[in-house]
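Note that chain A is present in both complexes that follow, paired respectively with chain B and with chain C.
Moving on, here comes the complex of A and B:
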């Protein structure tokens, strides 16, 4: 079988889709904007809910996709649909002539500095969930020895003020996972989670939430953080509201972790223009048939995989990637 | 503190401030609390910097205090503001500069409301015509007077006689900046530096040699808060707000406070006396309070004006220890004679 497929994006969705297509015997190209494959997974330490190793997971995704031809640090410059083929020109001037395209460009982690009141980029001890994963990975003692730690849920998600109305889906359980892992690394730490409501939808998530409370003594405060400042000793002074007791509260912390949510990939608009696809109000791609066939686009031969159509967990992303590969196979077998 | 993080935010919230030709409107309460500040502003821009700032005796209250105290209908306050704009239009000006933060906030809010509800603007035009036979154009540019001083801060620095520096140690004075709530909290893009890390006063202090203190309650209200003070039963709440701010800034040992709002310098100044009477506590050195200034007063001190000409004898907290620290010359006997 000599038919060729282009996958745009080399994160978990792109890799899993590539593996499945290679298994069917297609020739697969992966165009990756970054210098390495793996996307956000490469930066993570462990994955919820079982805290399995992110690097081992990535390795398991990379091995079967090795036969794909990878263009790293490369982007798609133009796309032309002609006689059922896609004529693609890449940013390094490579020309491809493929039968199908899978869009798997993923998401961008919400830039936490946009929520100015939380002081990311201004106060030294305010970090993001991604920064904390890096600290777990590097066993950064400066961070992990913090005694009083706060987690702020929904940073850049469910927030009309910064035009992100959507729920980012994975931040609640990620915060609980990270809080538990922090407590394992530093049993003396006092940990507070500031949440709006906890969306523990997945299997094992509620168990993790109970474990966080019963085993680790993590304190969950229903209310949003209103502002963050530094006191004279460089500690963080957090103002929040506890909506269960209807009172404002102020706590002094050594570390504040902002749970940055999944935002649209900023390349989506340009890519949508090239491919003739639509972008929804939330900035993610519009699926042609979101309930029955979520990987289908409105253009024949173009499919979606992963978080390019909205926030998803890793298992959901991988399942969708396999589904996209099957849809490509079906399309090319017709 | 990561100063480059702040600089990034400051660069995101820069606004265009015209160089010259302004229609200037005074503040109701500043003319009573700090009468020299507005006079000084006009002296600096007109006489020192040769700029065109026009004012008229026909200007009235903007209605802002009544608006924020819930005692005036919105359309009435809009018609009052439309009349102010008519005065500007009749005088041939397009740049409108308000001395009062609440007026600035109110004008900003009304212009934004009219942008979203043009039918309301049309109704206000009709109201104004029926009541006064006046017509108005909206300002092409709306500034607060502190925006203008921010814009001119380096020119003022170039004519400075004093710097905000301790003459004995050579170290910059530690300055708390307090921004009026109505400056940028409602419309962050309308204030220099935005709402979270305003730069308008910080820029002045940096230019004039001082160092800004970033303390946890710097965003908190001064204690005026309109209904907090104006309703007698709430005055304890007003005082507790001010107390909270001073407790928060105390560990940083600030030398002085600079403000850009009519109410803030008054409440931060006067409530220190009340806190001393009630709690026996002062926040400056050797039983002194922390002196509180308007930005015009600070500009005046830097430019070498006589402190009593600036009206600093009107302050509750004695300013002399700070004047001595900077090395500003003044006559003790003239304090209440001007």
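Moving on, here comes the complex of A and C:
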């Protein structure tokens, strides 16, 4: 008999976990809330640091996970743990009887309109990192022809005002990547990045930062943007402080890109209740053994994969997904 | 009109729209490492002159990027070109060459 595993979430973590479990010979179910698999990766154009294609990456994740049974536009309605089995009822009333559960529900991109001082949804020329990826994808001339462009780091992260004290970690390098790509699409563009700290933690990230400065002439200004206003010509007037010389500054821009960070998935609370798991102050799931075994939950048979336990890069997410699959295999082999 | 003893003081705000891009580009051509600065402060902390004067290359670079050349020159005038900052710069910027060229490009305009 093939043992059965339920994966909640069909993004990169869920897909990679499914592929690995299929390889071990398990029967895998994926419950996906959206209409398509792939999560946020589907909306992205290219990935840092090498600027590889997001759609090709997704394709490579989809192919080996094809044998998983997918319930799209479906959510988990109830979970009962009985005699080592998980009795699951889905929102379409399907009943599943699985041996193990992997939680891979990912993150939500911070809704930038909540930071009202930046005017997202009010001013046409204020967009988010996700909007810019869409513009790259569609080769949107209107956006890419902007001459003076600003990137605002830490939108919806490191900010107690919107209850996200955590660092979203991947936005720094995403901003640098997008700034370089913008400059490639439009070599005449003048680009400013407004940052607090540049957290270039990954391999190749620091090189990308150096390239942004040296090759593309992108200007990095240390100081958070305090407010944005539109002038009569429809240009954006940005206020910030250059904290390295302790003086306020203003600059007029044609486009402002807000680096929305990774926030908790709002479904986490309900899911945690159903599964009997805990949510930390930051809204992400609590790991039982975060240093040694990041994929372990406090309940036997339930594992985590990916950004459901905090912001992560794609490679980190994929490695964790494989690790979760291995943990499921170990648990089911006992 | 009554004189209340107040006057309007000039704004301390930097207006990046007014930066002189031509001179900036000239400096980059003369010392291509200019744009690599990450404001770590090693140059200014190792500087022998900084103990006694206002010399600070780190601040001067930031000032020039913000279009505040006059303030930048004040910060570099006391430099004795000893080259300690050149040895220590982690980004490998030829700081000696940079300082000489900043003074050359911006001083000639001021004279």
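By definition in this document, the second predicted complex is superposed on the first by the 333 of 334 C-alpha atoms of A that agree within 3 Å, B and C clash if a C-alpha of one lies under 4 Å from a C-alpha of the other, contacts with A are read in each partner's own complex, and residues count from 1 in each chain.
Keep in mind that, in the parts below, a residue touches a chain if its C-beta (ideal position, glycine included) is under 8 Å from a C-beta of that chain, and two chains touch if they have at least 3 such contacts.
Everything numeric in this text was worked out from a predicted model, so none of it was measured.
Participant: Check whether A:279 is in contact with chain B, with chain C, with both or with neither, and answer first, second, both or neither.
Facilitator: neither
Participant: Does chain C touch more residues of chain A than chain B does, or is it the other way round?
Facilitator: Greater contact footprint in residues on chain A: C.
Participant: Have a look at where A:185 lands relative to chain B and chain C in the superposition and call it first, second, both or neither.
Facilitator: Once the two structures are laid over each other on A, A:185 reaches no partner at all.
Participant: When the two structures are overlaid on chain A, which partner does A:251 contact: first (chain B), second (chain C), both, or neither?
Facilitator: It touches chain C, and chain B stays clear.
Participant: In the overlay, answer first, second, both or neither for which of chain B and chain C A:124 touches.
Facilitator: First partner only.
Participant: A:227 contacts which: chain B (first), chain C (second), both, neither?
Facilitator: First partner only.
Participant: For chain B, which residues count as touching chain A in their complex?
Facilitator: Against chain A, chain B makes touches at 1-2, 5-6, 8-9, 194-197, 214-219, 248, 251-252.
Participant: Touching chain C in the complex: which residues of chain A?
Facilitator: Contacts found on chain A: 192, 198, 209-210, 213-214, 217, 219-220, 222, 242, 244-245, 247-252.
Participant: Can you list the chain A residues touching chain B in their complex?
Facilitator: 113, 116-117, 119-124, 227, 229-232, 237
Participant: Under the touch definition given earlier, write down the residues of chain C that touch chain A in their complex.
Facilitator: 12-17, 28, 32-33, 35-39, 58-59, 62-63, 65-66, 68, 91
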